[in-house]
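The letters A, B and C name the chains in turn, as written, and every chain counts its residues from 1.
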Amino acid sequence: MRDDLENAAPLLVLDSVTVRAANTTLLDGVSLSVLAGAPTALIGPNGSGKTTLLRVMMGLVETASGRIERNNDTRAIVFQKPVMLRRTVADNVAFALLAASRPADHETISNLLAQVGLTGIANRPARKLSGGEQQRLGIARALARQPRLLLLDEATASLDPAQTSLIEELISAIADGGVKIIFATHDLGQARRLAGDVVFLVKGRVAEHAAAATFFNQPASKAARRFLAGDLVL
Amino acid sequence: MDASSSLYLILSGDPTLYAIVRLSLIVTLSATILAGLIGLPLGAFVALTRFPGRDVVTVLLNGLMGLPPVVVGLLVYLALSRSGPLGFFGLLFTPQAMIIAQAMLITPIIAALTRQAIEDLWGEYREEFTAMDVPPLMRVRALLWDARFSLVTILLAGFGRAAAEVGAVMIVGGNIDGFTRVMTTTIALETSKGDLALALGLGVVLIAIILSVNALAWSIRQWAERYAG
Amino acid sequence: MKLRHIALTAALVVMPALAPSSTNAQDKSIVVASTTSTQDSGLFGHILPLFKARTGIDVKVIAQGTGQALDTGRRGDADVVFVHAKSQEEKFIADGFGVQRFDVMYNDFVLIGPKADPAKIKGSKDILTALKAIQLSSAPFVSRGDKSGTHAVELALWKSATLDPATAKPAWYKEIGQGMGAALNTSAAMSAYVLADRGTWISFKNKDALEIVVEGDKALFNQYGIMLVNPAKHPAVKKHLGQTFVDWIASAEGQNAIRSYKIDGQQLFFPNFDVGQIKKAG
């Protein structure tokens, strides 16, 4: 099934997209095609534009120039620190469902909570959750939209190893269900474990875009080689 | 009347005193509800809508928080007087006029503080709501609900301000014995009659009520922290 | 959904509070604009229950300075005006705002002062000499300064003594712009002289170190008058109920009620309605 998907039309195409803010250029002529299939990892040093790129893909940012082509597929994003509504866990999910014009019935909510492993704390105030739990709730809210494209910004950045592997399992499960995931991460091991292909950003430009195996074993660009060796200083 | 007998009067539930306290609470409570019905949506609207002159309105609302009660009283008096534009209602020197005056006094407070609270919360929720594609009406209702503890505190602040004022209710109510006499106007009257002990006793009751309202606001915030985050 | 319910409930609570209560609509009540001195003396607390028992009419008294009470009548916000400034009342009638004016009771003014008596006027029966002594010694003097009946009398007395501190505004002359009670409080605190009506003085509870220093001068006579606000100018005036009140005050029962009001055994007001005052309706 994955082969069929990989041969289908791209979900999202960016063509020379530039994003500016104040006096800085956040993205500089980024061109990228997002194809269905295994998750895509977005990696690069701090300030390279990973978060901006995800937000552009979500349609949250105005571009200074360039074109974005996409079909009407539903997309959803989980920010690095998802904002919890001042209500219970279940009500947060219900809110996302209602916003997506879906019924917020008990069964649907329970299913979503079960998917992210939050059954049992449905009635806890969302703001009292741990970092990992809030991340998972953010993912549940995103899944409530039944997205075809799911964008994750540093989903495990502030989590301990146990919580991290829980989230990684979740990401794999979601991807296996046919959702295209693009995830930004600092964790190169995570990228190795989950990604089908890697987009490597440096200073707002795509320095390299290759299959995961290729990128990690035989990176084409000098920047990638230095980054993987731990040498890239900006 | 010396201090101990006025204290006895207060504690024993003297009917005249009871009527004065009761009227004070009815007037101020009604004014707060009325001001809330106008001020909460108004504040939310200004917080969330872009319109020309928005900054002017914001500054105006903030400034009107400091509206002097006597000035409000005078304006309402001129409007409700038989010789004024709304005279045919015959509302001057009635509790209804007092409710209207106090509501006018505290609506800016409630609207301005609501605007601030909703704007702050919107700043926090904006990205998520945009990403979730939340429709506008659902957005407003979600913000008002999530800000509920702040909004209740804001209403209590309005209540406190109205309960403490004397200028507006004195002018539009006339301090009529048994009809428009409230705690603050009675304190003013008893002071002018030289019955300072009774005035002081009533002052204590008034302070006790305002302190209770503030304690209530505080415990609501504490409860919110603990149970809703 | 929860929000809508809350808003609806709130609106339902406020509506009844805002609607004029049943005691407002076609109730038997009138608004009487009177002076702070009449209210502060406690007279109304004594006579109004008797009026209500006789007629079932509620009298709502707005106590203001004479100037403000007359203005309230001019605006049609009161049904009856009951003050003590004869020349201002006569102008009120002449301008067409009132139907007719009647003398109904009198009391007198007294000069109150500190026991220390810096102007050395205690016991005098001559108010004009006393005022001159106050000016000479620059002793502190508190003036109502509020266009009230008492204020008008005070200004007239200074004028008769050919003095004018109200215009010259020397440091010892303190205009406070408030009612009789406030003026007495201020005088007690400042150990100052002040002109007061006897009724308010007797019922005043914060006498401190103040006492009567001058009384009995004919110039201190204080006449009260009552007027029905002219329904021709303000159709909303309750002319029948208002007239009932005027009639009752003038009646033997009303005059006796006034006479019977005493504090510490002292009568405060002296009824003096004279039937001869009534003009035949033209």
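The rule is short, and it goes like this: contacts are C-beta pairs under 8 Å (C-beta built on N, C-alpha and C of every residue); 3 or more make two chains touch, one makes a residue touch a chain.
Since we're looking at a predicted model, the values are computed, not measured.
**Student:** Looking at every pair of chains, which two share the most C-beta contact pairs?
**Tutor:** B-C
**Student:** Going by C-alpha centres, which chain is most central here?
**Tutor:** B
**Student:** Could you grab the centroid distance between chain A and chain C? Build each centroid from C-alpha atoms only and quote it in angstrom.
**Tutor:** 80
**Student:** Approximately how many whole Å separate the CA-defined centres of chain A and chain B?
**Tutor:** Distance between chain centres: 48 Å.
**Student:** How many angstrom lie between the CA centroids of chain B and chain C, rounded to a whole number?
**Tutor:** 33
**Student:** For chain A, what residues touch not just one other chain but two or more?
**Tutor:** Chain A, residues with two or more chain partners: not present.
**Student:** Where in chain B do residues touch two or more other chains at once?
**Tutor:** Residues 145.
**Student:** Under the stated contact criterion, what part of chain C meets chain B in this complex?
**Tutor:** These residues of chain C touch chain B: 2-3, 7, 10-11, 13-14, 17-21, 24, 31, 36, 40, 44-45, 58, 60-63, 74-77, 178-182, 184-185, 203-207, 234, 236.
**Student:** Sort out for me which residues of chain A touch chain B in the complex.
**Tutor:** Within the complex, chain A contacts chain B at residues 58, 60, 76-77, 79, 82-87, 95-96, 98-100, 125-128, 141, 145.
**Student:** Given the complex with chain A, which residues does chain B contribute to the contact?
**Tutor:** Contact set of chain B toward chain A: 124-125, 127-135, 138, 142, 145-146, 227-229.
**Student:** Which bits of chain B are touching chain C when the two form their complex?
**Tutor:** 1, 26, 30, 33-34, 36-37, 81-84, 87-88, 90-96, 99-100, 141, 144-145, 174-177, 179-180, 191-196
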